[in-house]
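Below you'll find the structure I mean.
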Amino acid sequence: MTTIPLEHALMLAAILFALGVAGVLMRRNIVFVLMSLEIVLNATGLAFVAAGMRWGEPDGQVMFVFVLTLAAAEVTVALALMLQAVKHYGTLDLDILRRMRN
Amino acid sequence: MELLLWLIPLLPLAGFLVLAVAGARLPKAGVAVVGAGSVGLAALTAALLAALFYNAGSDPVIARLGPWFRAGDLSADFTLYLDQLAVIMTLVITGVGFLIHAFSTEFMADEADYRRYFAYLNLFVAAMLMLVLADNLVLLFLGWEGVGLCSYLLIGYWHRDPANGYAARKAFVVTRIGDVALLLGLFLLFVELGEFSIQPLLAGAPLYFESGAARMELIAFLILGGAVGKSAQLPLQVWLPDAMAGPSPVSALIHAATMVTAGVYLIARLHPLFELAPVAQMMVALVGLATLLVAAWAALSQRDIKRILAYSTISQIGYMFLALGVGAWGAAIFHLVTHAFFKALLFLGAGRVIEHMHHEHDIFRMGGLRRVMPFTFGVFLAGAASLAAVPWLTAGFYSKDQILLAAAGAPELGTLLFAGGVIGALMTAFYSFRLVFTVFFGEPVTQEREHAGWRIQAPLALLGVLSIAGGLIPLPLEQVFPDHHASHALGLVLLAAGVALAGIALAWWTHGRRRPTGETANWPLWRRGLDRWQASGLGFDAVYGVLVETPFNTTARALRGEIVDRAVALVIAVNQGLNALTARLQNGRIRHYALGVVLGVLALLIPVVWL
Amino acid sequence: MTLMALIALPLLAAPLVWWLGRDNPGRAGVLALIAVLADLALALTLFTAGGDAEPWLQRWQVDWIPRFGIQILLAVDGLGLLMVLLTLGLGAAAILASLSEIRERPGFYYFHMLLAIAGTLGVFLALDLFLFFFFWELMLVPMYFLISVWGHEDRDRAAIKFFIFTQASGLVMLLAILGLVWAHHADSGELTFSYFALLEAGLDPQFAFWLMLGFFLAFTVKLPMVPLHTWLPDAHTQAPTGGSVLLAGVLLKTGGYGLLRFVVPIFPEASAAFAPVALWLGAAGVLYGAVLAFGQEDVKRLVAYSSVSHMGFVLMGVFALNIQAWQGTVLQMLAHGLTTGALFVIAGLIQHHFHTRDMKRLGGLWHRLPRLGVMAMFFAVASLGMPGLANFVGEFLILVGSFRADAVVTAVAALGLIGAAVYSLILIQRVFQGPETETTASGISLDRRERFLLGALAVPVVVLGLVPQPVMDLAAPALAVLESLMPSGVLP
Amino acid sequence: MSMNDVQALIPLMILAGAGVVLVMLSAFVPRRGVVAALAGVSAVAFLLALLPYFGTQAVEVAELLVVDPLTLFFWTLLGIATLVSLIWLMVTPVAEHDGGAERYGLMVLAATGAMVLAAAQHFAALFLGLELLSVSLIILVAWQCRRALSIEAGLKYLVLSGLATGFLLFGMALIYAASGSLAFEITGRAHPAQVGELYWLAGMAMLLAGLVFKLSIVPLHFWTPDVYQGASLPVTGFLATVSKGAVLAVLVRLYFDMALADAGGLWMGLAVLAGASMLVGNWLALRQNQLKRLLAYSSIAHMGYALAALLAGGALALEAVVFYLAFYLATTLGAFGVLAVLSRPQHECERLDQLQGLYHHRPALALILTVMLFSLAGVPLTGGFIGKFYVLASGAASELWTLMALVIAGSAIGLYYYLRVVLALFRAPAETSSFRSATVPSTIVLVALTLVVLWLGLYPAPLSDGLARIAELALPG
């Protein structure tokens, strides 16, 4: 059985994470931003699993489950807010949501 | 005797306090009694004390009242010191001062603010007495500043007119420049010798300093600075001509009994210091010489009767400085005394003239007053003769003669000093009699006869007598001053006498026989220019205006907005700018905010990776 | 215990006055006055106190924040007592000066007045450095309210400026206090803010220099020293009369007091090293204040800048580092409090009666109000340093002392005496002399209270000028301690 | 799980249970009053349940949580803050259609998360507590769904806090990868790990970034003003106090358990961020007229001061941070309370001009607000003064002169805007202005808070002595 070196797994997670962050920074559509956030969270999940593997402990996987739960909860709230936002602002463009500023 | 000594300055001071605090309830007569009476009593006390003093063999009297302030090795006490010099000064101040007070009781009778006038006058005399009687330099400085203050108050007595206020402030500020020099001189003395008491200082200085030591010279120069300010000598003479703004008796007081003689007294009092500082002492002589010439020259073209007298004062004090500078201390004091007599007389007389002419000051609008004011003419003539030093007849001649002879006998520059003095004497005689001839001779401009009560006539008459005969009063000063060996060459005496007569003759030639109108319009340009230059007191005011006054005013105005506040404003502006900048970043865009989060992560990551 | 009571009395009276006088100006003022006078009587009992180690007259202490070794440590020596008396005397004067001026929310006004007095007393009595700092900051707050609520037209800006200047510099001092305390802690293992312990702190010379600068900054902002003075003209000008009196008369003194009490004794070597600079800064203040005072159009601003000039002498006096200068400093602080306080009262009366402080619109007041003219003349003359009046003795001693330290800088500063003559007399000229203007043509007269107030301020000016020795003797033991702390070779 | 563990969890269980019950209950009981009362009772019950722990030894719950004196102190503090927030929620008028009974349950749930955070000594607990807190808060922020601003604020908070959580989690994963443990102390001990020091440090950096996001440390502060403004006043108050307090609490534990003071680069990074927060926060607030935004900016600066105190390290730093938190909570709650009391339905008191002349109409409220503002500004007599003293004391003890200079600069700038508000209070009122009067309960709470702030400023000895003991226990040696 060949194990994937820790570095490689973490590198992959980091790349995924970076992609997610880039998505948050660049997308204007709420839906895509939320999806990017999901990628960010899942990248961390991957990192946890990889780290857990290194020590041969279940902790990493436990954390992954927690992360998934969070992601679900967050998306639930996010979607509800998204609907309201569409109602008030008539758009999915996050850049329009800037009534509050200096 | 100690008590009597303290009574002398305290009596006028008490007069001041009574007038200041309770005077509002006094009638005018009461004010006059308190005002003149307090000084009169002081004069009587002084006379009594003088008698006792001479009787007791002229030994110095020290009167301690109590400590003023002491800190560490510094002490300044309320202690008076009476010696031969102080006796003479006290007698002059109280005597002449009383005559002026008495004159004022009638002369100023129409004045609404009679009380304020006498209060100031009393304070003036008290301060001057404190000055000459002070045992230590701090107490002397109290009197020194006190006379400055009183001169300010009295010059600006009619303060509704801003010009008078200006003249008053000018007097105070210009003399204060000298005061600061004096103060620094005192500090240096104290730092070197650890003492403010005059007698120990004078005794200690020769032991401590070699003759001509740099510090000693510096001290003497600084003291000279103070004397120059108070006595209106070059280059601080500019305040005195303007000091005419006050009532005429005030001028009499300032020029005769108090204030301007303070500088002469100071140098005479501290003469051992100057003897240790030959350069400074020579400087005294040169200042005196320059001043007497400059002021006399300026007096030649004055049209205002009081200004002529003012310049003459500056010039005569110049003679005294000349005497001090050549070490003829006694001659300086002698001239101080005679000058006090005739100058008080001249100013009081001028006051009479001006009042009679309904506040006209221009001598060219007067004339022939000899006929309508015979009494005033008589005493004025006595004063002017004394000022012009009419030989052998007048007090002024004897005192001035002593000075000229002393100058001639000076070890250095004697010829120059003597020659300058003689030229000054010529001019003095000329302008004195230019004044007399213009005002009292010629066609009368008015037919109104003078009338004066005894309170005016008596002081004038007394002063007239003193102006003539005052030269005969013996002034014993041998315990204070070292002997001075003056030249007694008869030729020089004759020269001086001749010069005075020549000056009078010249004045008769130009202003007695002929009657110039004072009109300058048809003069050639150079003569008009010269006249104006002379009349302006040789342009010192203008120069100081450009060098000091204007820059100061401009600076003050330029700084009014507070340059330092600009720095504060800059700080504020920077913060406001940063407020605007940071607030701009708060633009509401989620994506920008997210970038902030990423930046924050990087800010923590980068030092971790790099360090 | 008297010491605590001294601070507590106005502190406790304050809310009472606020409540009882909430809409009755007369009652509020009189009650506040009674409180201050009672406190003054209490302070006078300190003369009979004794028994503590020289030079201290009385000491009282109790733990406050033991975590940091902070105590409520109050002690008074001659210097402190003089300052306390000045505070209470001028406090009473400030209240008297406010009686007719303050009509709005009088209770609240006198509440702040009493609070400011209590805070200042605390500053003069506290000898735990934390407690000192506490009071130091505390006295700002009521003063801020006095300016911002009852001040003149530009009060908001002035109040904020005043507060920021003094508090920011105060925080620097707090940091310096903490640096000192921790250094002492590292040195001795004892964590304490007690003045007496910190006097013994063994400090690294360079560190001590920085700490000294921290204290110096806070004290010289308050003093104020040029160029940190710009809060002062604004605050003094905009404050109501009572506030100006308190500010000029008392609050500025906390700066000079702090320098004498803390900077010099705790950091003698650093002070000596810094003295040449401080002397020049003082001289700069003397001249700068004098020039700017002359340039003003506003009566109160003129007096405010004259304070800058006078306090320049105080700075010089402290850093001349010899007994004459210190004695002079103490006297100068008292004298300046009295004369400048009185001049602010006069300026306040002018503002109150003629509704302007602009000298272009004033003139000829002497003819309307001869008594006011005489009093103004008296205090202006005192302020320009006339011998026989209080300021002279102070300035003379300071100059003698600083002349010993550095003759050149003293010569420069002495020019300030000329400046003082220039600005004091121009004030008299422009306000009281000359012809009347439209503004001043209306006839009014001073009431008895106003006359009494000015007279009461004049008496101590004369007394201090002629008989300053008792005051100097009172301060002498404290100053002798300073002298003994100076490193050898500094004193001439 | 032993009985001992269960016992330790009783207070948490009370809160968590109450939260769930309240959320469900509000679906059936439409009356706000009942729900509000129950929520209040649960908070009080939580506080009462803490009583038995005082004076006992530290209790650990399965590696995840620890109940030691420090935790107890935080719990008490946060519990009281929650209670006061609930009261403000009650007294702030809301429009009828907003209902809002659920909000009490949500707030209690959020508080549960906060308590978990404050007791966490393990990354899993940290994560769970943080997310319980965050998610509940997001809903609370966005609650007034008829207000567009609320929705906007909710979305901003959700997206940004999601992103921050991502970093936090990734950081945790890296630390775990490097050290093999998720418990604070063990990972901390593994710190100079031979293998993955870089992982550990990078992970720590990301983790800390995720945490200081919640504290609004510059430059992760951008969300703060918008969320403060969009949320309703009592929610903002809760966010500013309980949420920040809990995160600060866990940060304190992390900092000391993991000996972060020795991680040079991290320390430097945090110091830079702290300094930036003090300055930027104050600059932002300078000319702000929107009171909630002003308080948001001021909180940025204050968290900067607190972080600076923490960075000083040592027992004194711990005491300083905790004291700072205590006064800050009391003060902020007081300030928000006054605003809440003055608000009207759908018309919150949030602009500076709405406060103009308050002293003339409601002197007591004006004075209370003045005390709070002075406390924020660090003026003597108030807790804020002692708080700032603590910060400077700890900084001076560690000779962090640069950082302390920044504290002073920040405080000086800060004075300006606090005084601006105070000036407005005492200015003559505008003719149109009218002010609600406070109800009795809110007056009592406000007065109590004021007294606390003054007590902290005048006689902090009891608290400071207690904190010294806590620090001694928390940092043996």
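As written, the chains take the letters A, B, C and D, and residue 1 is the first residue of each chain.
What we mean here is this: a contact is a pair of C-beta atoms (placed from the backbone, for glycine too) under 8 Å apart; a residue touches a chain by one contact, two chains touch by 3 or more.
Just so it is clear, the model here is predicted, and its values are computed rather than measured.
Taking C-D and A-D together, the chain pair joined by more C-beta contacts is A-D.
Distance from per-chain Cα centroids to the pooled protein Cα centroid is smallest for C. Averaged C-alpha coordinates give centres for subunit A and subunit C that are 64 Å from one another.
In terms of their C-alpha centroids, the spacing between subunit C and subunit D amounts to 42 Å.
Here the CA centre of subunit A is 26 Å from the CA centre of subunit D. The geometric centre of subunit B is 77 Å away from that of subunit D, both derived from CA atoms. Looking at subunit B, residues 583, 586, 588, 590, 594 sit in touch with two or more other chains.
Of all residues in subunit A, those that touch two or more other chains are 21, 24, 33, 94, 97-102. Among the residues of subunit D, those in touch with two or more other chains are 155-156, 159, 163, 225-226, 284.
Subunit B contributes residues 575-576, 578-579, 581-583, 585-586, 588, 590, 592-594, 596-597, 599-601, 603-611 to its touches with subunit D in the complex.
Those residues of subunit D that touch subunit B in the complex are listed here as 155-156, 159-160, 163-164, 167, 198, 201-202, 204-206, 208-209, 212-213, 217-223, 225-226, 263-266, 268-270, 272-273, 279-280, 283-284, 286-287, 413. Across the complex, subunit D meets subunit C through its residues 319, 374, 378-381, 385, 388-389, 392-393, 395-397, 401, 404-405, 407-409, 411-412, 415-416, 419-420, 422-423, 426, 459-461, 464-465, 467-468. Listed in rising order, the residues of subunit C touching subunit B in the complex are 161, 226-227, 229-230, 233, 288, 291-292, 294-297, 322-324, 327-328, 364, 366-367, 374, 377, 381, 385-388, 392-393, 396-397, 399-400, 403-404, 407, 410-411, 414-415, 417-418, 421-422, 425-426, 429, 432-435, 466-469, 472, 492. Put simply, subunit C touches subunit D in their complex at residues 63-68, 130, 134-135, 137-138, 140-141, 144-145, 148-149, 156, 159-160, 163-164, 167-168, 171-172, 174-175, 178-179, 181-182.
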